[in-house]
């Protein structure tokens, strides 16, 4: 998983019907993390808000681990990092 | 998923028979996204046009999430981004 | 998928018995594509020749989509790009 | 797999219920390894401590190989490197 | 797959019990290949020695294609390149 910050969300009206009802969050990976500050779009199964730091799982884990076996997703927010931790040291 | 812009399409007459009937779209990932402006070729299950911004799912999600379990695809356009959103901020 | 050019092939006499009978093609990904001009070794299920531009599928798609569910392959040539197309624009 | 050093851990109170009970370790991949010194967050099934060098498996291997088929994880510490070895030569 | 050179091996006494009996080889990917000279740790099912050039399969192919469906591995040496070939041209 990688740590990133939720920086926004996206709307897509025309999309796979298996994605209906999901929120697309834009997550910016931390500079020190694999991903190096680049952004990805993740499904949110936790209820994260803009500005929060989150754990993102990628690949088949996003689909299978999030009970969305049949949905075309490759990234999911699976946890919100507790505040006050410093993972950049 | 990543956000990218559809910049063209490709034709392949000699191809896996499991790919017959599919459209190969060339998507340029956004500079701020994982992918960093590089291009990939994605199957389009939504009906995106050149110039539109789309959500691309990669890996097994493209195959399984798009009801093409048996096809050799690793990227699919799964949504078209609604206009007027700014995901580059 | 990514577009690449077949630049050669490889022989491996001592290999997994599940790979016996397969051709290992060296594909150089296009500079504009994810992969950025780097090379990979792909199984060829289409019959591509050196110098041809091909579509390469990676990950589980190479295995499952090419009816080689049990083989240790992670990349396959799944289509030959028709000549006369310009995907670099 | 890649070799990395455990540099810390993370707490996440609000997370997928399938992740409850797991420890999130921050692993910094070795500079010479794929990953190039960047960090990732891995589940630890071995009991590694901060400062130890570990083997990290990524992708579906982390989920399936660690008996967590249903959990949204994409990286796991699967071994602790014996001391006194020099893998940077 | 990518071509790399076996540059060493690693020992891990404390590891997943599903990895017991496996050899961990350090493979340096070729500079021209995806991987760009970085190293990874691969299971060896062929019997490669230090200094040999090998084909490495990554992802689920390493697990499923190598009859280690339940093991947490994401890379495997699946072939040894015959000598006298020049894949860098």
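Note that the chains take the letters A, B, C, D and E in the order they are written out, and that residue 1 is the start of every chain.
We adopt the following convention: a residue touches a chain if its C-beta (ideal position, glycine included) is under 8 Å from a C-beta of that chain, and two chains touch if they have at least 3 such contacts.
These numbers were taken from a predicted model, which means no experiment stands behind them.
Asker: Which chains lie in contact with each of chain A and chain B?
Answerer: none
Asker: What rotation angle takes the CA atoms of chain B onto those of chain D? Round to the nearest 5 degrees.
Answerer: C-alpha superposition angle, chain B on chain D: 145 degrees.
Asker: For chain A and chain D, what's the span in angstrom between their mean Cα positions?
Answerer: Roughly 19 Å separates the two chain centres.
Asker: In whole angstrom, what separates the CA-based centres of chain C and chain D?
Answerer: 31
Asker: Mark out which residues of chain E touch at least two other chains, giving numbers and ranges.
Answerer: 35, 59-60, 62
Asker: Considering touches as defined, can you lay out the ring of chains in sequence, from chain A by way of chain B?
Answerer: A, B, C, E, D
Asker: Flag every residue of chain C that touches chain B in the complex, lowest number first.
Answerer: Spelled out, the residues of chain C in touch with chain B are 1-3, 30, 32-36, 45-47, 55, 57-62, 64-66, 76, 78-82, 85, 87, 89.
Asker: Where on chain C is chain E touching in the complex?
Answerer: Interface residues on the chain C side: 7-8, 10-16, 18-19, 24, 26, 29, 35, 38-42, 59-60, 62-63, 69-75.
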